[in-house]
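Chains: A, B, C, D and E, in written order; residue numbering restarts at 1 for each.
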Amino acid sequence: MPDAPPPVVALHDAVVFAGGFPLLSGVDLDLGAGTLSVVTGANGAGKTSLLRLLGGLVALSGGTGTVAGVDLGSGDLRQLRRRVGWLGHEGSFYDDLSVRENLTFAARALGRPTGEIAPAVARVGLEHRIDTSAKQLSAGQRRRLGLAWLLLRRAELWLLDEPYASLDDEGRTFFDALLGDVVAGGATVVVSAHDPLRSAALAPRTLTLAGGRIVGDVS
Amino acid sequence: MPDAPPPVVALHDAVVFAGGFPLLSGVDLDLGAGTLSVVTGANGAGKTSLLRLLGGLVALSGGTGTVAGVDLGSGDLRQLRRRVGWLGHEGSFYDDLSVRENLTFAARALGRPTGEIAPAVARVGLEHRIDTSAKQLSAGQRRRLGLAWLLLRRAELWLLDEPYASLDDEGRTFFDALLGDVVAGGATVVVSAHDPLRSAALAPRTLTLAGGRIVGDVS
Amino acid sequence: MIRTALLVAGKDLRIELRSRVLLWQVVPFGVMALLLCGLALGPAHAGNSPAGPGLFYLVTLLVTLLMINRSQAVERTSGTRSSVATLGLDPAGVFLGKALALAVELWVTGLVLLAGAVLVLHTALHGALVALPSIAVTLGALAAAGTLYGALTAGGDGSATLLPVLALPAFAPLLIAGERSFSAALHGGALWEWWVIAAVALVAYLAVGILLYGVLEES
Amino acid sequence: MIRTALLVAGKDLRIELRSRVLLWQVVPFGVMALLLCGLALGPAHAGNSPAGPGLFYLVTLLVTLLMINRSQAVERTSGTRSSVATLGLDPAGVFLGKALALAVELWVTGLVLLAGAVLVLHTALHGALVALPSIAVTLGALAAAGTLYGALTAGGDGSATLLPVLALPAFAPLLIAGERSFSAALHGGALWEWWVIAAVALVAYLAVGILLYGVLEES
Amino acid sequence: MTKQLFPRLLGPVTLVLLALTAWLGLWVTPRDAVQGNLVRLVYVHPAVAWVALYVSFGTATIASVLYLWKRTRSIVMDRVAHCAMEVSVVFIVLTLITGSIWGRPTWGVWWAWDARLTSTAILGVLALGYLALRRANDDQALRARRSAVFAILAAINVPIIHFSVDWWKTLHQGATVFTANRTLLIHGLMAWTLLVSFLGFTLLFFWLLRARYRLEVSRERALSVSLDEALTLRRREGAF
């Protein structure tokens, strides 16, 4: 009887308030597993806010929503966060710990073998910075560390907020390849970006936000 | 007798160390007044470090340098900083103050009429956020606030670290127009970026950094 | 839960080792405060003074407040929060781990302060040794309570100032119990009563923390 | 210099008004600490107790440490430093402005604490009023010294913990002088000597700050 | 020639003077009628205290002032201040220890809340604070400036320690060796022994300072070699 698998993301008229200001003003959205979506829109349109909602990092103020099987209104947001890979505007690690130590912490916390760390670091091109403490990294290197952290995650739902910013050319190419792998592996990816994605092969669905709502949806 | 005006930036074998690590490993650079230069290079190449050196925000560890007539080795860096307009990776304001209050502070500190604030805010497109406190702005809005702050500065030397990051399309177009105006007004501009500039009309000089040195110079 | 606790405690202690804040700053602060308190009491009062235990715990309280701030600050540098939140660590484990790390730091500092009290305040060495288990338990309870209150106040504006307001009333009974049992160890008297109070407080705070820490963590 | 000072002081006080840290956190903390101290003294000692002035200044000291941290933290949120550094403000003016703002905050808090002392510790109202000018001068000196030491420790690792270590010995004489002159106001005695010490300290710290603040600021 | 002679003689002369102090102090000078053999600590404690307060802390302060003054600003001054402050910690601790050893039999306690004792201990914490402040800043120039300012602020404590015995009537000995008008109160052999001890410990300070300074210089030289290596490594980063 069940014809389609349930969507990973299902929002209905989702509203999020912060300090009396509506960050999201009624979003309807369905995303299936293994899809890639790009969220665009002017500055202040609500892209970051949408990603934070999907990651269980802010609470829903109105409407309904389910993400990865967790009800945003009444469910356990911690459950949701466990299944989400998050890459924010700014790097997000313990500044006093080195690249290796940060990743070891993440691997242990997730119950992954620490043997996966070295390959992940090599993949993002930080081998020669592996013992540098996070606060000494350059902007792009921090972003790469964030990607390595994500590689360890193997999350079901990837939420990437302007991942291209401050990555160099080589980094962007690598990133596109990574996205391809991830989507092929069955994970759902939502990316916010101001430029279209590099690689034409990815063919994402593009959602345009404006004023906290979705005003365009092209696949 | 003096044929050419003295260069605004003159670095000779400039070396900058931080915690035993060479951020810059010997940079030779001459920039004339009224020129536009773009600094590119891989992540960690030293772009941000070069801009910080030019802005008098880090000290020279080796070699010699003069920026805007101030000797980097023995001169008064505070003098230099007064003449520099800086836009960093992250927005840089008092988080608890509103857009208007931040700009009023800057205008007063620089001895500019506060009447210039409203036009600057309108120009960067933040009119409807003018009484929002800086910490509530979105990433792109923060960047725009930084631009408004720069507009008030009227600096001789503009140092912009990845200004495109997190600006939307409209913002980038506006930014390119701004750059054109500034250079035409006789100021020197150094921009770090991973993408080439949008507007072909600007025709900048492109410096490529790698390993803390300049390895490419195309005008 | 235990695995998470050990992981978190290890991470906190490693950051502590890396930054050496405890060694170079907290411990000298404690010694200084002890000296000043001694001076304030004046020569008449010194010499195995009955105020010894009180001063010891007063200084310990100040040190604890400093360390709680530090323990929470580590978790919220720039973007650490979002990333670590998406690791979905078991909050009970996080609580236990942070409390354990804080307790270890307090025990180390406590030993130094105790040595200082013996040397400087002429607290009887034998009495101090007898008091050792009760001090260990009291400091443990302080660490548990401190972690709880630290989480309660963390993240908001000026949390460094909010913490003492909320925590002081909770710490006061602990300090009184500790002081009484220390005095009893020095001058003879019912040792057990106060010992038991501190132990009960320790267990109670641990239980509350394990149950409720998840609620305190920001959404 | 004066213009810069007023600008900076205005900015600091405005941030303070905006965030309400003083009103909601520092003042309650002070009152709470006063209550606990009164409690610790026990009912026997209360009632125009000779300890009143000492307690008042002890609490003031704690409050001052909190406020200095806050005053410095405001200057170094994310990128504030680079931007404000490039305003090239006169360091003497910045010092005076920050000291003035801190002094105003301390005066407000001092008044509340004084009222608390009269109500809770039964300090004689008339004596408290007589002591008012000496308290104002002492708090002013504390603000000047605090701003100086705040800049000395700002920005480094764990500056919040380094501050008390370095500043306590400098504050101690001020507190003692304040306490003596307060006591003298209550119980009669030579008022002027201590008054003069505080005034000399105020002038000395102001002079040192005006001369050397620029040296302390980060490059 | 003479330029090399002085530093080379520093070590041997120090040793000779200290040995002389020990010999005079332990065997030649008489026991005291009241204090017995304890009086022999007078050849150690005041000299060590003198070095701690005036010679070493003073050196650190003067070097700091010279660093802050633009015309004499150089990394040498910063290094001298740093090294002198480290040696100062050693001498302050020695002052506290010898004082405590002396205090136990004379006052019956190891420690008392006497103004001089406390302020000496605070000076020790301040010296440690100076070292902590240095650790907290990475940037060489900023570190030098900040620690120089702090050293000067901390030096205010030295006159306080000196006059504390007059300002607060205290347990600790007042000025016994030298009175205010610089006349020697003790006579004969004791005075000579005292003089030798002062000289000996003063030279010991300079010896230690010199050793520490050379260690610092060689450490920095090693660092600059490693910096050169880092530089070539960094340049190679861009090569491919």
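Everything below uses one rule, namely that a residue touches a chain if its C-beta (ideal position, glycine included) is under 8 Å from a C-beta of that chain, and two chains touch if they have at least 3 such contacts.
Please read these numbers as outputs of a predicted model, since none were measured by experiment.
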Graph distance between chain B and chain D, where chains that touch are linked: 1
Both-way neighbours, i.e. chains that touch chain E and touch chain B: D
Report the chain whose mean Cα position is at the greatest distance from that of chain A. E
Could you please state the distance in Å, as a whole number, between where the Cα atoms of chain A are centred and where those of chain C are centred? 38
Indicate the whole-number Å distance between the mean C-alpha point of chain B and the mean C-alpha point of chain C. 46
Between chain A and chain E, what is the gap in Å from one C-alpha centre to the other? 58
Residues of chain E whose C-beta touches two or more other chains: 122, 125, 129, 132, 136, 139, 141, 237
Please list all residues of chain A that touch 2 or more other chains. 89-90
Among chain D residues, those touching two or more other chains are 19, 78, 157-158, 162, 165, 169, 219
Please list, in label order, each pair of chains that touches. A-B, A-C, B-D, B-E, C-D, C-E, D-E
Which residues of chain D touch chain C in their complex? 19-21, 24-26, 28-29, 32-33, 36, 39-40, 54, 62, 66, 69-70, 78, 157-158, 160-162, 164-165, 168-169, 172
Please give the residue numbers of chain D that touch chain E in the complex, ascending. 148, 152-153, 155-159, 162, 165-166, 169-170, 208, 212, 215-216, 218-219
Residue set of chain B touching chain E in the complex reads 15, 17-22, 25-26, 44-45, 59, 209-213, 215
Under the stated contact criterion, what part of chain B meets chain D in this complex? 52, 55, 57-59, 77-79, 81-86, 88-97, 101, 105-106, 108-110, 133, 146, 149, 153, 155
Can you check the complex and tell me which residues of chain B touch chain A? 18-19, 21, 41-44, 48, 89-90, 129, 136-141, 143-144, 162, 165-171, 194
